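Chain IDs A, B, C and D follow the sequence of writing; residue 1 opens each chain.
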Amino acid sequence: MLQAIWLIPLFPFVSSVLLMVTAGRMPRTMVALLGAGSVGLSALVVLGAGLEFMRAPEPFTLTLWHWMQVDGFNPEFAFYFDQLTLVMMSVITGVGFLIHLYSTEFMQDDRDYSRYFAYMNMFVAAMLILVMADNLLLLFLGWEGVGVCSYLLVGFWYEDPANGAASRKAFVVTRVGDAAMALGLFLLFTELGTLTIQPMLEAANQTWASGDTLAALAALLLLGGAVGKSAQLPLHTWLPDAMAGPTPVSALIHAATMVTAGVYLIARTHGLFLLAPDVLLLVALVGLITLLLAAFTALNQHDIKRILAYSTISQIGYMFLALGVGAWSAGIFHLMTHAFFKALLFLAAGAIIHCLHHEHDIFKMGGLRKKLPVVFWSFMIGAAALAALPFTAGFFSKDQILLSAFELHAPIAGIGPWLWAGGLLGALLTAIYSFRLVFIVFFGAAQTEPDKQPGWRMAGPLSLLCVLSIIGGWFVLPLSSVFPAADGHHVSGLVEGISIGVPLLGVAFAWLIYYRRSLPVTGITESDSGVALRGYWYRGWDFDRLYDSLLVNPFVAVSSALKSEWVDAIYHSVVRFCQALHRGLSQSQTGKMRWYATSMVFGLIALITLLGWVY
Amino acid sequence: MEGVVIPLNHVLIVAALLFITGLAGLMFRRNVIFILMALEVMLNSAGLAFVAAGTAWAEADGQVIFMLILAVAAAEVSVGLGLVLQIQRRFKTLDMDAARRLQG
Amino acid sequence: MLLVNLILILLLGGALVWWAERFGDHWPRQLALAIVIGDLLYLLRGLTFIAPEKFALVPEAINPDSWLLAWSAEWIPRFGIEFSFAMDGLSLILVLLTLVLGAIAIVSSWDEDNPRQGFFQANILWTLAGVIGVFLAMDLFLFFLFWEVMLVPMYLLIAIWGHEGKSYASMKFFIFTQFSGLLMLVAIVLLAIVHHGTTGEYSFSYFDLLDTPLEQNTAHWLMLGFFIAFVVKLPGFPVHTWLPDAHTQAPTAGSVILAGILLKTGAYGLLRFTLPLFPGASLDFAPIAMLLGVAGVIYGAILAFAQSDFKRLVAYSSVSHMGFVLLGIYAWNTLALQGAVMQMVAHGFSTAALFMIAGALQQRLHTRDMDQMGGLWRQMPRMGAVALFFALASLGMPGLGNFTAEFLVLVGLFAVDPWMTAAAALGLITAAIYSLIMMQKAFYGAPDEGRNLQDFGKLEMTAMAVMIIALIHLGLFPQPVFDLVQPVLDSMAVEVAPISQLQVAP
Amino acid sequence: MELVLFYISSAVALFATIFALTRTNAAHALIYLIVSLLAVAVIFFLLGAPFAAALEIVIYAGAIMVLFVFVIMMLNLGEEGEERERQRMHPAVWIGPSLLSAILLIEMILMLSQLDDRHTGALITAKQVGLTLFGPYVLAVEIASMLLLAGLVGAYHVGRRFRLSEPDNSSPSSTEGDS
């Protein structure tokens, strides 16, 4: 079974190609079968391979063919399989299959049914290649592949130009990170002579001492790629807009899998980041700041999907924080639990949107607790896990992260508690905004009547994800051999207690503010500065405006200024000079014989004068 | 005719004067007939220079060239006068400036 | 003899096609397609007779047997001018590209009703003949001859069958290439004279001229003569301005050939002549050339974004992509050079396809203005999907040929100049911007329901499929191309430093 | 004696020429031109070239000028033509060319003044001329004859009335030449 892991990305890839080639001529049931079935098959192969692998957990490489071989640059088309890969593949194919299944119902009425599944399958294939890649070039192939699929799926409903703009933004912003990452690859190859990840990390260990400038630069460039893909500061602005795509897309790509690719990249190359402690701290800080900024923003959104998008940014911030403080396993653990509960939340949100005539505004929902019970309970569980209420999946992973952060002492002594405190504030906000959502959408007076109920293909995945969101925390990830061992936590019970208590406090706040409406907050929120601040947060701290005026507008201005081809002006001036000369000379051609004679005399005089001069 | 001493320079200066006169006429007359006359004068002055030089060196070549010039002049005049007639016919004038199709 | 026949078939075929015009419009194009494909098959058949180990042989100047194929005959012995042709891996790849794209170009104009079909197709065939001559000629005089030969039919293609601004565009194209070609002619003649001065014999043979000892100053000037000619054709910034006009105004087949093949002659010339003939001078010049390359990459991309004319956008994207070729050539190491060759091939396919799409759009909509398009995906999903594929190829999607090329160029360049690489990497971002805006403007958005448009037909899809498969192959299995080109790079008189020996600037 | 005669005839030639070229009446001008040619013939004689002098009178003053006379007669220039010529003769027209010519003259004289002193006067007889002409110059004679033939044909051709180019002016029958 292990030798057959190449089948895993192949199934969705072949299915995707088939769907593309048939171009919508296939019957819908067939499309659904192919689209969801191929991912299901992959999931089965992952299951089989995983079971076999866990019996004798020895990482191995499967080389398919030599990709290129030029002067020492010989990346292979090869897959690397270890525990980390296994975890990632399980998440991708498992959650991916559930979301595909859900999509077969969600997208039922769409006219481009088969195009949707073609893109989705292609995405799964690319994502699998990303996590299975044995070298960074192949990883980059998957990396760009998922980027393209994300672009295609965000802009899936292409007839609305706004969707096109959102998808372009998503692609271009991540592309900025990708360019940095590409530079990182160049640097790594030039310095270390290989891009195959494991030998490269070994070479890095031997070549560079801890804190080496080049190592830091390489790590920084990779981080650039990671923040782009994972929507962290400063390249996070694309994710909220990316919600323009169909909701299952948001669940799969923009919550569960693709956006966590950055986390995976850093975890995969952690050996490099360990050589650059400063960059590692930067990772933690980026994560912390992002999670706080995004949480504040999420608190003020109206669009249910945007709230979830900001919450995703925020949760990935936690993962970065985990990576930054060296809690690698915790980061991946959170990645997995987040994939469960965020996919659940998105799918539940999708179900609401599906049943509510594509309504996105939470203030036009309300009272859905009774109307859509399955969705309500799914959402409830998802929100609980997101808020990290005790014994949900999110609780365990987030708790590990916060405790690891608390214990961080290097490279700046005493920084750990600050990181912990920041994370805790984030947790509080997370609890508030997630239950704000729950209370506004599902409680209170009904605003819009649902016109249908989710069918089994939607309810089934929801229920399964509910289960995973609850029990996911009890999974023990077999990552100890991949990452450097972390010591057990030695924090006091007080710290532990606060970590547990804060989310509950947040839920309580949310209950008081949004359900009972008994907390007198309107005085603050409706004051002038309150309104201004909320507007500011609502616009995502005005990052879009900043980038517009800093990058987008200058680029457009430069390009339209250059459009007239100033370079051509040089050539045109040569042309004009020749034309002027031509006009002057042709005007001398008066056609008057006498003038010709006279000019001959002029010439004669000149000639004789010249001769006289010379002799 | 030994002993006749006309300095060559003087003859050549006369030739130059005639030539210049013809040239000036060529430049300022607009009537085709006068232009042709000016041309004749210029050719003639060239012939004068040749003949003078020939006698100064006691060679017959000068006069031979003069004869050739005569031939050229004759041919030129016959064609030129034909053109004069054509110009008169086409433009109803002998003004050379009227015939300016060569204009660029 | 195969090499000569290759050219003769096209030249005579052109005449035949012209003559066939009298039997009706469909005759010339079928005949032309048959001739090009026949030429291709003839070449492939000829290749089977070459011993396989020869493909790995390093071609040496003195030994014609070390080349894949070589042929020569006297022409003007007084000046040492010969009909001398030879083929190595590099020429082979480019000739194959020429013939494949030539066939595609003929297909691309299949449904256009151009007046004077026969002469039209004849010009295409003649251009191809000239280009193949350029790729095969090993005598500098002969090379120059073909350099000019390919120019004239191309000029006619633009000037007769072009669009609204054809006379301006064709004249501009002609003057730019002609003028720069004259500089090259001067350089060639001077080089021969210098060679005569040292050896006492006139020769225009590439192999003889290779080891002409040159004073540094002379070498610089002569190198510039060649460089300008080639960089105009490439086209490099800032002598690229003929290209947007020529591409935009040319008929579809003309654009396909121009972008797909003709531009490659510039890069080929740099690789074949400028570097080996003047290694020292070229090395001195490399920083400037690389700067021009980076400028081309970024400038082309920015201007591509600004365009609203579909063809113009693609044309500027060519400027951007060929900047990578210039960078790769002057970065001067195996990786970058391999990348440059790969870029030549990959860009040939991707841009040719985009021009074909542009032509198809123009034929259906009678406009190239993207502001008047939009929503075409709904009406022409096949064309949209194909356009999407090539837009992605053009923005450097990994797994496709263009990415392989750009990545290698940049890896090679990074070892030489990291800052330049960083600047060129901006091209990756800007490429995404213009490619996606092109898709958005033309194919996405709300469809205009009133339009009734014909999607790509079988023939066009076949041509597209050829290019799609080629690009995927180049992206995933590029090794055959590398293997073919590697001996050529080994043979070049330039010291191609392996990457490991290069010092990285801190 | 001959010297004085030379200067007198030179002066006559010069002034006759100037008059010839400044007349308004073509016929008068022609007479002056003939005078000028005769004076030049005298100079030839004085230089010792009697054969040239004879040719000058016979061919130039005789034949060529007769051509002019014929043409002037054919053109039938009237009074208004003369009036027009007079109007064209104002200083603005001739000062420029005259100045230019003067400059050229000065340059020529300057150049002539650098020649070494040499005198004319060797007598060249018609026999000598004939021997030279049909000796070394026989090819030139042939060419000259070709030229004359070409002139003949050319004059005939040019002098014809063209029917096509001037349809309103010429009757279909009158296509024969005038000269």
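Brief remarks follow.
To be clear about the criterion, a residue touches a chain if its C-beta (ideal position, glycine included) is under 8 Å from a C-beta of that chain, and two chains touch if they have at least 3 such contacts.
Since the model is a prediction, treat every value here as computed from it, not as a measurement.
Between A-C and A-B, more C-beta contact pairs are found at A-C. If each chain is reduced to the centroid of its CA atoms, subunit C and subunit D end up 68 Å from each other. Distance between chain centres (mean CA atoms), subunit A to subunit C: 37 Å.
Per-chain Cα centroids separate subunit A from subunit B by 95 Å. Annotation: 5 Å between the Cα-based centres of subunit B and subunit D. The multi-chain contact residues of subunit D, meaning those touching 2 or more other chains, are 96-97, 100-101, 104, 108. Within subunit A, contacts with two or more other chains are made by residues 598, 601. Within subunit C, contacts with two or more other chains are made by no residue at all.
Inter-chain contacts occur between A-B, A-C, A-D, B-D.
The touching residues of subunit C, counted against subunit A in their complex, run 237-238, 240-241, 244, 299, 302-303, 305-307, 333-335, 338, 375, 377-378, 381-382, 385, 388, 392, 397-399, 403-404, 407-408, 410-411, 414-415, 418, 421-422, 425-426, 428-429, 432-433, 436-437, 440, 443-447, 476-479, 482, 486, 498-500, 502, 504.
Looking at the complex, you find that subunit D touches subunit A at residues 96-97, 100-101, 103-104, 107-108, 110-111.
Residues 598, 601-602, 604-605, 608-609, 612 of subunit A are the ones touching subunit D in the complex.
Those residues of subunit B that touch subunit D in the complex are listed here as 1-14, 16-25, 27-31, 33-34, 36-38, 40-41, 44, 47-48, 51-52, 54-64, 66-68, 70-79, 81-86, 88-90, 94. Taken together, the subunit B residues at the contact with subunit A in this complex read 23, 26-30, 35, 96-97, 99-104.
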